[in-house]
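Below, each structure is written out as structure tokens.
Shared between the two complexes below is chain A, which pairs with chain B and chain C, respectively.
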Partner chain A sequence: MPILVPEHTGFLFPNDLHVSWSLMIVMYPYITGLVAGAFIVSSLYHVFGSERFAPVGRLSLGASFCFLIFATAPLLNHLGHPERAFNIMITPNFRSAMAGFGILYNTYMLILALEIWFVWRQDIILIARHSRGIKRQFYKLLALGVYDISAEALAHDRKATRILASIGIPAACALHGYVGFLFGALKSNPWWSTPLMPIVFLFSAVVSGIAALIIMYMISMKITGRSISDECVDGLSKMLWAFLIVTLTLEILEIVTLAYEAAEEWQIISSLLFSKLSLEYVGLQMMMGGFVPLILLAIIVLMSPTPPIRNTLALISSLLLLVQVFAMRWNVVIGGQLFSKSLRGFRDGYQPSFFEREGVLAAVLILLAPFAATLVFARVLPLFDYIDKQAQTRRPGPGEQQVPLTSE
Partner chain B sequence: MEHTKHIWRVGILVIVAITGFVFFRVLLIPPSYGIRGSYRYDNVAEQMAIEPRHGEVRGCNECHDERVDELRAGPHENVACENCHAPLSTHVKDDEKEWDMSVNKTGEWCVRCHLFLPARPKSHPQIDPVEHLVKVGVKQVGRDWSDVVCFKCHEPHDPTPEDEDTVASGIDGNAK
Partner chain C sequence: MSKLKNITEITEEARQEAEREGRRDFLFRLAGLTIGGVFVNILGSGLLRGEAEGADDVTPTPASGRQGQVTNLPPKGYNWEDHLYAYLIDTTKCIGCGMCVRACKNENDVPDGFYRTWIEEYLIATNDHGDFDVQVFSPNGGLFGFQASQSPLAVSKGFFVPKMCNHCDNTPCTQVCPVGASYQTKDGVVLVDKEQCIGCGYCIQACPYGSRFLDPVSHTASKCTWCYHRITRGLRPACVAACPTGTRVFGDLKRTDDPVLVALSKTRVQVLQPNLLTKPRCYYVGLDLEVR
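Presenting the complex of A and B:
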């Protein structure tokens, strides 16, 4: 018989003994955050026309879509009856904070799917034209049977992409801000209940998204033997630095406000952060994941090092920032459940076991799934220069006007 | 406008998808949903139609009044029979005994109420099972403690043990 009483100190209510929101609830905002971040980068290219982000324009959209597909996976794995999840879309009860999730998630999914279709339409048609059999039928279906890649049609595509991306920015912000709202709106928990929570979540989401994109971009360039675009990595690093500054400022401001107000909850929150979660909060979230990348990125931005050094610094910062954002989600979700609602006692830590349903292995698999999905995505819709290659090999057919085959 | 055929097609597809969702949503909403709130109102009648499985103490009293009196005289006076025994409907049919009554005698069941929890009132007898068993002299405290071990000293209808020494050490968990 295992020990029935979890280790604890101080005074706890009976329902404070269990960490009900497990590792899966840490994964949920983490993966959703990667969506928002990747999408913001794609919008910079598609809406604001930042040409320096052109090399990751498609990767960011594809990755964003794949992350979005798996954003609900941790939640579904957490639920005892995952099939009931659809009830929040069929009969949403708006007294529940979760009710809006179905609407936001599906709206964003629709916008993203449409944007992807417009961005890749030309590729889809070209692939359809150059293939036979089932593959041709598949791409024909994807193209909705219209093979029009005239300059006018492509101009319409670009316009549609721009409109969708500009609707997508507020949609991405709403989706991730909403995830923060789910925690920020829980008035029973002083560590969660702050209007700052959605904003902190949103900005750290963008940080993690950009970081993931830098890593994915560098790895895919390495695998496919292409050269890394200096301008792109430089731009991404600068943007990452800017968003990191805002994120860290917000995270520290929240703590400073709590500390200065020194209301009744500060006593428990301070011992939560600085003794219970000293490794996760001070060590991972603030120092190793926060200030170290801040300095590394500052070197890139202020000292303009040579490309190999810059790329290495960007890669290390991105990896550290992925850890930082994960630690932040962990400290919020798990940290908020370690102390009693009485504000007078602690549960002694939470260690998910490796093989349990909501354990480490499940979390790792769910985290890897979007990356695997991105690989599949890249097999169906090329993430990099398919059109350029086609332009070199393809001759215009009879009666077909040669159109400028630029990307998007 | 020329060259917008694909936009029309995708637009129609989106409209079909959204209309399809709205249509299926209407089909999927249970008819009585929302009459009195965000739930299926028919469910209330369905719940009311379910035959009660438990009989409460009055159901037991008719045949087992001595046992019930014994229970009422001891510290378990507020514990309903069916908390440890099975529901009345598994034992009686049409006011006649139909099946034998089962009972949960495991230590695991006892500690549902008597496990030490910081939030429980100090006056309520609580134990750390392993510590308690060691104190009362159980030599081998392993996985087996959860079997019928509690019953060796405690008679559940009148759970205070006869041996006063055992009592003293047995409720030591209260001191925490």
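Presenting the complex of A and C:
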């Protein structure tokens, strides 16, 4: 009775022939990273009042929320028993880092939902006032029975937003730092086990979040026929450059330290990175995804090119950086499972198939879902229009009545 | 003063005990060994099945419950405070026959391609630089035994190392389980509650020994239980019962005359990857520095 054994070289512990954390576990930190990154940009506007980020202030919040909703999707698709997922919250083992997931995720979700409510509260009420029937009822529901949009109330909203956003920053850091901790705190795997792991994860999360925002912002402007704010793209590019420098420095420092220490694990890690993952690590994560955008962004920062050139450079860098961060997640999650804990052998790669449960198609759908959700979000809560201005200039159309809302 | 025994004597006693316990089975298995090849497997598995069924009054159906009810539970009246189990592997005695792997597979219905226990073969040669060239094999975890060496090395040292869950006292696998499905019993065994396990695979990543796997049928984490369904009924784990050379010794540290306890107190023993401080309760005699 022959047993099918995956291709491998060297000696693997027999159970290490299987990659138990699949493409889905690559997707999970990737999407969570986008959440944290987008949120940190939104906080720059809402907490620190950087007006140049006003054009993406709402987009970043909305996108962060939509990514957060789908952050659990790859996990649920990965679990052997997704129907027991709530056990993490019902019977948590607090010695496990993973048991923190429910707390961190829900706390962050709550902060984000509240912040969104405060930011859009005025719009919700104005839309409700200008609509009828089901739409009106829906927005009334969203308003949660509070219809006060006096200047005083709005000032209160802004204050609440600022407080929530400032709580949100450590919450976002905790949510993503935790994801890095899941890997960094495993002494069984020398490629994961480093205190740098949560920090590297966090910084690369911010990079991916800003990159995704730049792309979403530019596409949104193109679709809606608005003009791109020079200041905003310029500011985002500079911030992206700064975070990229820190991220790359950390990623390189980690390797340099391992190489210099040259302890037992370096032998297997060096062959992992420079032979097994030469394309994914050297090619995608470091060269194409790391140094190329570093140079492109440096051009924006140091040479102040004309807006069309700057926008193109920013867009290309952002696309490359989304690839870079994905490659980084892949190299950590999959890379860490390509070698055996015997430290004596490798699997011959891991290729998820297209249609399998945890395959490429599922990953693409899960990655597209937050973007689709952002589109839906934009239909419900405007990302770029400030409805109050509209409402002030616009008279009610025929059949529309401006009816004051009460808490009836 | 207790009499001083060396490890050979201890394991020899264990072997004699095994013979007394089931001399007929033991001899049959030895006979099976000499026949070799696939025939060994068929004969061996048949016998082991027979043993499990024959002892039906005390032995429940296989622990995985794939063919019957889930029965990791100890019998009524069993007090886990009265026991503290430990395991001793004398690598100098292992002949790589694979009986233990087959016994485990049969007893626990281990799915193909996954291993609750396995055997590694180390072939070591010194090279010109005064260093070692090492080759390690574990074809199908040693399930079908080992072929004669085809190594290109001028092997000067070769040995087998049986491996399994180390049932660590300070175990990283139960630490990381988010729902408490992986747990330690008071008698020192690490188990998985497959009714509670969500199949996240974190414990598999956390185990430094590669002892865990995701069961492709139940979609939950699975591993060696030291045959908890047997040991709580006074039987030895299937692998220990099947071992023809006394390589594997099972013991209860709360018994003063326990062979493992005596070995731990009188013999030089090692554990795997001691630097990780997982405090394994699976001890080794005759480990080499090349073994992780």
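The rule is simple: the second predicted complex is superposed on the first by the 385 of 408 C-alpha atoms of A that agree within 3 Å, B and C clash if a C-alpha of one lies under 4 Å from a C-alpha of the other, contacts with A are read in each partner's own complex, and residues count from 1 in each chain.
By our rule, a residue touches a chain if its C-beta (ideal position, glycine included) is under 8 Å from a C-beta of that chain, and two chains touch if they have at least 3 such contacts.
Treat the numbers as computed from the prediction; the structure is a model and nothing was measured.
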When chain B and chain C are modelled together on chain A, clash or fit: clash
First (chain B), second (chain C), both or neither touched by A:357: neither
Which of chain B and chain C A:148 touches, first, second, both or neither: first
Touching partner for A:189 - first (chain B), second (chain C), both, neither: second
First, second, both or neither for A:222, with chain B first and chain C second: neither
Of chain C and chain B, partner touching more chain A residues: C
Partner chain(s) touched by A:135 [first = chain B, second = chain C, both, neither]: neither
First, second, both or neither for A:121, with chain B first and chain C second: first
Which of chain B and chain C A:97 touches, first, second, both or neither: second
Stretch in clash, chain B with chain C, out of 25-33, 97-105, 133-141 or 151-159: 151-159
Residues on chain A lying within both footprints (that of chain B and that of chain C): 1, 3-5, 11, 13-14, 17, 91, 93, 95
Chain B-touching residues of chain A, taken from the complex the two chains share: 1, 3-5, 8, 11-14, 17, 89-91, 93, 95, 110, 114, 117, 121, 143-146, 148, 150, 152-153, 156, 160, 345
List of chain C residues in touch with chain A within their complex: 112-115, 118, 120, 134-138, 140-141, 143, 163, 172, 174-181, 196-202, 204-214, 218-220, 276, 292
Of chain A, residues touching chain C in the complex: 1, 3-5, 11, 13-18, 20-21, 75, 78-82, 84-85, 87-88, 91-93, 95-99, 101, 182, 186-189, 336-337, 340-344
Chain A-facing residues of chain B, complex: 2-7, 9-10, 13-14, 17, 25, 28-29, 33-34, 38, 108, 111, 115-120, 128-130, 143, 145-146
